[in-house]
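First comes the structure, then the notes that go with it.
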Amino acid sequence: MRIAVQEEQFDLGAEANSFARGNVAHGAIVTFTGVVRDLATGDLDVMEIEHYPGMTERALTKIAQEAQKRWSLGDVLVIHRHGRLEPGERIMMVATAAPHRKDAFEAAEFLMDYLKSRAPFWKKEITRSGAEWVAARDEDENALGRW
Amino acid sequence: MRIAVQEEQFDLGAEANSFARGNVAHGAIVTFTGVVRDLATGDLDVMEIEHYPGMTERALTKIAQEAQKRWSLGDVLVIHRHGRLEPGERIMMVATAAPHRKDAFEAAEFLMDYLKSRAPFWKKEITRSGAEWVAARDEDENALGRW
Amino acid sequence: MDVLYFAWVRERIGIPKERVETRAATVAELVAELSEREDRYAAAFADISALRVALDQELADFDAPLSGVREVAFFPPMTGG
Amino acid sequence: MDVLYFAWVRERIGIPKERVETRAATVAELVAELSEREDRYAAAFADISALRVALDQELADFDAPLSGVREVAFFPPMTGG
């Protein structure tokens, strides 16, 4: 299991390749990547991501361990950035490896659902018209009901 | 939409990066990669994948178009290899981009479920003790019931 | 019409493709006709519930009509992915 | 104990962290105590249904006891991912 909370950019391709190389005993690999949307309006200048150092790593580790308990998984990778991000930059990624695709998919969705609502990150969008904290969406909280 | 049926290896990382670069207007990117399992027994020497040239491309295109009809998607990528593959080699990948993670995940699972049971590929495992066609699994056929 | 065989169907029948002249009206009639030819066909088609058929590269049923069809393919359930 | 604030809670209160001496038995009592201090606290804690709290870096409820707790953090619902 690798949990990385970092300010620097990460290379999705390099991470996916390295994750896959470490999991050749598992037939199925799923990755999810979140990208700062380059909105059609072209309005977004910067996204700032604040987090709670210490708790963030604990929360992500706990979520990943829970995924490993619930599904038959090879490895789990979680990378999440903080700081200032520009449109088009990658915010975060998760990767799961499993003998069967259903496990790899479900575990990745579980990681995302919990990461969204239970890991201490907060997004702020800075646009021409000002700065605004992104509001939590009910559907993200409701997504936890599935598990 | 890109559909590739090929004998050559593909680079998961390069494909994932290139797919992500083409989809910066979409916040969520999901990839699924299938790997020839390097079984614990070390028994598998080679996997041969036969396909039905012509029908394969048609079937994959139809499945990808159906996914684009059902979900709000940016782009869809499907790569599937045929020929002789060694343990640890990547067999295939799909990638989906969408504004929301739920769409990206569901569309990727849909693509995989249909690809498994509706695209004309057949796997043969060649081991020390002989060669055997991989049997279709009931659960793969049943997975279609979800959609 | 062209008749194609894949995977173990191809191995049992011994060829990947052949040209067949037939008056069979449906896939099932074509299967019956081929099965009468030689044992290797009868062996390949012994249990059609274990087989799939495509007409002009689209999956079809065994009772589908053959009129106008140029390419018939028989194969086991797919195992890609 | 240390009290930490994140996101708009931090912005409203104006500091990311402070040391608080309190005899509050629960989170809710601590919130009431802080809210009485100054308007900026009252404004930040006006609607606790819009807030989350962590005790020693674990999510907790507002009626959770504070005994033995060294670090309390207040913040809005998370929006990572």
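General remarks:
Letters are used for the chains, namely A, B, C and D, taken in the order the chains are written, and counting of residues starts over at 1 for each.
Just so it is clear, contacts are C-beta pairs under 8 Å (C-beta built on N, C-alpha and C of every residue); 3 or more make two chains touch, one makes a residue touch a chain.
Here the structure is a predicted model, which means the values were calculated and not measured.
By the touching criterion, once chain A is set aside and every other chain stays in place, the chains split into these groups: B, C | D. In terms of their C-alpha centroids, the spacing between chain B and chain D amounts to 48 Å. For the pair chain A and chain D, the distance between C-alpha centroids works out to 26 Å.
With centres defined as mean CA coordinates, chain C is found 26 Å away from chain B. Chain C has residues 81 in contact with two or more other chains. Multi-chain contact residues of chain B (touching two or more other chains) are listed as 34, 101, 112.
Which chains touch which is summed up as A-B, A-D, B-C.
Within the complex, the chain C residues that touch chain B are 4, 6-8, 10, 54, 57-59, 73, 75-81.
Interface residues of chain A, counted against chain B in their complex, comprise 11-17, 20, 23-40, 87-88, 90, 99, 101-102, 104-105, 108-109, 112, 143.
Of all residues in chain A, only 34, 49-52, 54-55, 58-59, 80, 91-92, 112, 115-124, 133-136, 140-141 touch chain D in the complex they form.
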